[in-house]
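In the two complexes below, chain A is the common chain; its partner is chain B in one and chain C in the other.
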Partner chain A sequence: MAAAGWLALPAAAWATICFLLPLAILFATSFQSGDGAPFGVFARIFGDSYYRDVIANTVVYASVVTFACLAIGYPFALALVRLPGWLQALGMIAILLPLTASAIVKTFGWTILLRTTGLVNKLLMAIGAIDAPIRILFTLPGLYLGTINMLLPFMILPIFAVMRRIDPTLLDAAATLRSGPVDRFLRVTLPLSLPGAFAGFSIVFSLASSAYVIPTLLIGERHKVLSKVIAHNFLVANDPALGAGLAVVLLIFCTSMIALAARFGRARKES
Partner chain B sequence: MTQATSKTRRSFLAQTAAGASLALAAPALAQVRRKELIIGGPAGMTDVLKEDVFPSFERKYGCRVLFDGSSSLENLKKMQAVKDRPQFSVVLMDDPVMIVAQDEKLIEKIDPKNIPNIGAIVQNAIVRDGWWLSYKWPRASIAYNSKNLPGGTPSWAMLWDPKYKGKVMIPSVRATQIPFILAAAAHLETGKPIAEAQYDINAAFKKLATIRSNLLLIYNGSAQVANLIETGEATLGAGMFSSYTLWRKRAGAPVDLGYPQEGSFAMPSGIAKVAKAPEPELADAFISETLGAEYQKVWADKLYDTPTNPSVTLPPEVAAASTLTVIDWGFVAQNRNEWMSRFDREIAI
Partner chain C sequence: MARVFIVLGRFWALLVIVFLLAPIFVTVAVSFSPSAVFDFPVDRLSTRWYERLSRQSSFWEALGTSAWIASVSTLLAVALATPAAIAIATRAIPGARTLAGLLTSPLMMPGLVVGIAFLQAFRAVGLRDAQTCLVIAHVIITLPYIVRTLLASLHLFDFSLIDAARTLGSTWPGAVAKVLLPALFPAVVTGSAFAFLASFDNYSISLFLVDVTARTLPIQVLNYLETGADPTIAAISTILLCFTVLALLLADRIVGVRRLDLG
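Coming up: the complex of A and B.
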């Protein structure tokens, strides 16, 4: 047992140096406000409507993206798990292949697709949704479209992984007990796949609320989210205390949402 | 076995000794090699410098020039990191960054005795009593799509014209170009000449707040602006530089830099000698050569920047420039933090 404990030492050292120590520095920096008050930075953040708006923007952005990914990703994963072998492999390639390209490259790709002469406008015109090209690039709908597309695999993959492990005989058993397809989904598939949905929710929510490259390239300065304001305070305004304070707010906000999702998941499992 | 080990040890010691003597002799060997001049400057100038400037300088002075191309701010950080043992001998940086370099004594005052060509440049290219020199003045104005706007940009007021709703780009408060749009906005709001209006920041913000409905993008990088204008996604890009815009025009892209009646801006490109510079004589020689007619013509012909040596014949794109206003970068440096806060709350929303 003791030997096994020693084996964990490198990993523990890594976690301490790379995660715990920077976190401690971050928290310490956030308490170093110029006016001497230990919570001075937080009073500044929550007392200023500009920072409150930035926090609200981040919450709305991350929430819309996460729920949209869930709404698209869950049925996608359900369909994927029921596809025959080669089609399922094809579906998996379609999800995994974009993950091999960097977020910067994909986001630049979206800046081309979203132009007035881009594919999105052409598709909308082809299906008769619009008569003339509309402006999507550097707008909120364009931001949401690009972000949802880029984060969707992180929702589909955990749901798919959990759904694959659901014993198909359970559905057969439910059918023999005269349970209809909707009933089977609601009473068997949905409850058993919820851990995957909660995992996907946590991952996508964390990625969306801390996204920096995607909102920077797809909408620019006119939509402020916490990640951009944090970077500005560290890199340009030279106000590390405020930057660290905002990072602590983002961290607490993300951790609370993930904890809430995990708690909800556990409650569902127990019930 | 022991003997073999001993032999190995002996040969190891002999090799080590040979290596050590080679290392001790290295400085002498280096002196035999050509002298090296390390220059820090803007990445965007790398090709022009390597093709049209460094080869002839190396031939003339029998040296080798190494160029570290990055942003002015990054080069400043490199200088701060090795302040006591500088790598660069010469730096080419924008004036706002030169001010910081001077304040931190990272550069040393130019000695006119060592710069024979200093007399060839105009007087106001000798900055802050000679701490650095402006070797060229890139022109900043409004870049536009020449296919959609064949008449060009006769006035800065076009940026506010509702005809261009969603087609206008302005620089971010974090971009170098921000003072240009602020000064133009203040001029339009107050009617004062641009050079005077640049200090009326309240008027600038008041006017700039009314541009919001026309904005496509608040930009940080010039490359993105040029691309959006060329593709027709945007029509007007405020504060763009001649060097970024006019080479694309010459390559056949539908983009041009306007000549608004109120005037354009000069963005002084500075050259300075680094404090405690290695190869100080070569550094002086390079600074002097950048002011001479040969390289001044390169700045005008290849980069479309206004030379500070008036003897150079200008290409038409450079010659057509109307009044060039020089921004008070000291004033910008003093106020930028306050502007950033205002801009984020009043404009970038």
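Coming up: the complex of A and C.
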């Protein structure tokens, strides 16, 4: 094979100069605190209860959203694989159409659904859950509902992709061996679909912990998460060292979650 | 027992389908509503907001900026990614896997962090022109989509075809141009479609790079939403949605999106 290695040079150079270098500068900025201490910014972040609360808010928000997406998305993917043709096509549209729509568009749709005269309130009153309209927009339940809705496709897609590839003869074989439906699920489908669940888990967690537009439009200033405090420090407060420090915290947080999920996914495959 | 599971499964699937499509359905419906207070359900149809939209030049300017930046950055990304993917797939360079990882990693990074990293870097080198900043950053956003589809396509390519072409007297570049590149064309089209849309929809990185001279559509929509909105937003969202669906159908017509590995 006479392929020349220099073919990769332009892309490698672009990615290094325009991607790795800016990230390196960001890391470097976070270590400049003005008072000379190399970890000054991080001491300030973890020493201040305000920033500790922001970090805790982000962790709780990302975790609740991720587990909710898993709880809703996994059974959905499981059902979708077994749906008859036209219903499965509808299901695919329901996953892919929201993915092609901008997050801003969907968030806007939720602000209409969640207002006091909105459909969610009417629905809740119709089933008798509430007597009078309640405020959902700009509250935590509204934020969670909207975020789960928007990140759900990212959980379903990888699980569905893996489940579709499971050889149906495996389930037939298990049935021949007198394995019941629950047993078949626990021993065949679940172990084989776990890599997809881990992939979905890491993507959704990473997206939720860095979501910016969704919390801005659905809850505003009442609920502080890392992404909003970072943006504030760069765009308004002009404190790049603190912003960079918080960004490094967020980055380490996301990448370690992804690495952890990848680790679990691989360990399952090998065993 | 098994029947119960099937019925429950279908019921759950329908519920989730309704949930997933709800915000999109509502946005489209509201764009045709006659009132300014986002009435839903809509009882009477009106194109009032589309007419209003046609008079708002700021949206059309932003649409032009977005289309221009998405086109330029997708073209640049294709030019960078195609040779790189060939070098990676043929293992012509040491650390091929590392390079593939580097080129696709922006997809997994929190967009906000990448955005401020760009903001700082551009400030540090004194690059002020927003349009240039946006293109440089959007190439990084679009690269992963093109690299991924190209690598998947190259994985299926039979490289002995190139050797066969060379036995028949072709030079290596000639064999690549006549045999490999035509085989990669469908992957380039699908990858570009997704890359274009990713750039066109991006706000988390653009947010930090726009200024008054160059404002992309998502940022324009976001600003409009934050400063008290009316259903004009729903109208432009509906148009964007139609545009996206058309782009994907077109890509599907040319090459078949189903061939794409969605996992």
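The working rule: the second predicted complex is superposed on the first by the 265 of 271 C-alpha atoms of A that agree within 3 Å, B and C clash if a C-alpha of one lies under 4 Å from a C-alpha of the other, contacts with A are read in each partner's own complex, and residues count from 1 in each chain.
As a convention for this text, a residue touches a chain if its C-beta (ideal position, glycine included) is under 8 Å from a C-beta of that chain, and two chains touch if they have at least 3 such contacts.
Source: prediction; values computed, not measured.
A.B. asks: Which chain makes contact with more of the residues of chain A, chain B or else chain C?
C.D. replies: C
A.B. asks: So, A:L123: does it touch chain B (first), chain C (second), both, or neither?
C.D. replies: Neither: A:L123 stays clear of chain B and chain C.
A.B. asks: According to the stated criteria, A:R135 is in contact with first (chain B), second (chain C), both, or neither; which is it?
C.D. replies: So A:R135 only meets chain B here.
A.B. asks: For A:Y50, select first, second, both or neither according to whether it touches chain B, chain C, the two together, or no partner.
C.D. replies: first
A.B. asks: Could you look at A:R222 and tell me whether it touches chain B, chain C, both or neither (first, second, both, neither)?
C.D. replies: A:R222 sits against chain B, while chain C stays out of touch.
A.B. asks: Looking at the overlay, what does A:V60 touch: chain B (first), chain C (second), both, or neither?
C.D. replies: Touch status of A:V60: no partner.
A.B. asks: Could you tell me if A:A237 is touching chain B, chain C, both of them or neither one (first, second, both, neither)?
C.D. replies: Only chain B is touched by A:A237; chain C is not.
A.B. asks: In the overlaid three-chain picture, which partner chain does A:R115 touch, first (chain B) or second (chain C), both, or neither?
C.D. replies: In the superposed model, A:R115 contacts both chain B and chain C.
A.B. asks: Using the superposition on A, tell me which residues of chain A are in contact with chain B and, in the other complex, with chain C.
C.D. replies: 115
A.B. asks: For the complex, which residues does chain C have touching chain A?
C.D. replies: Touch residues, chain C against chain A: 1-2, 5-6, 9-10, 12-13, 16-17, 19-27, 30, 38, 40-41, 79-81, 83-84, 86-88, 90-94, 96, 99, 102-103, 106, 108-114, 116-121, 124, 136-137, 139-140, 143, 147, 159, 172, 197, 201, 203-204, 207-208, 218, 221-222, 225-226, 229, 233-234, 237, 240-241, 244-245, 248, 261-263.
A.B. asks: Applying the document's contact rule, which stretches of chain A touch chain B when the two form their complex?
C.D. replies: That would be residues 50, 115-117, 135, 137-138, 220-222, 224, 232, 236-237 of chain A.
A.B. asks: Going by the contact rule set out above, which residues of chain A touch chain C in the complex?
C.D. replies: 1-8, 10-12, 14-16, 18-23, 25-26, 29, 72-73, 75-76, 78-80, 82-83, 87, 90-91, 94-98, 100-110, 112-113, 115, 118-119, 146, 149-150, 152-153, 157-158, 161-162, 180-181, 196, 199, 203, 206-207, 209-210, 212-213, 216-217, 227, 230-231, 234-235, 240, 243-244, 247, 250-251, 254-255, 258
A.B. asks: What part of chain B is in contact with chain A in the complex they form?
C.D. replies: 166, 172, 174, 215-220, 231-233, 337, 340, 344-345, 348-349
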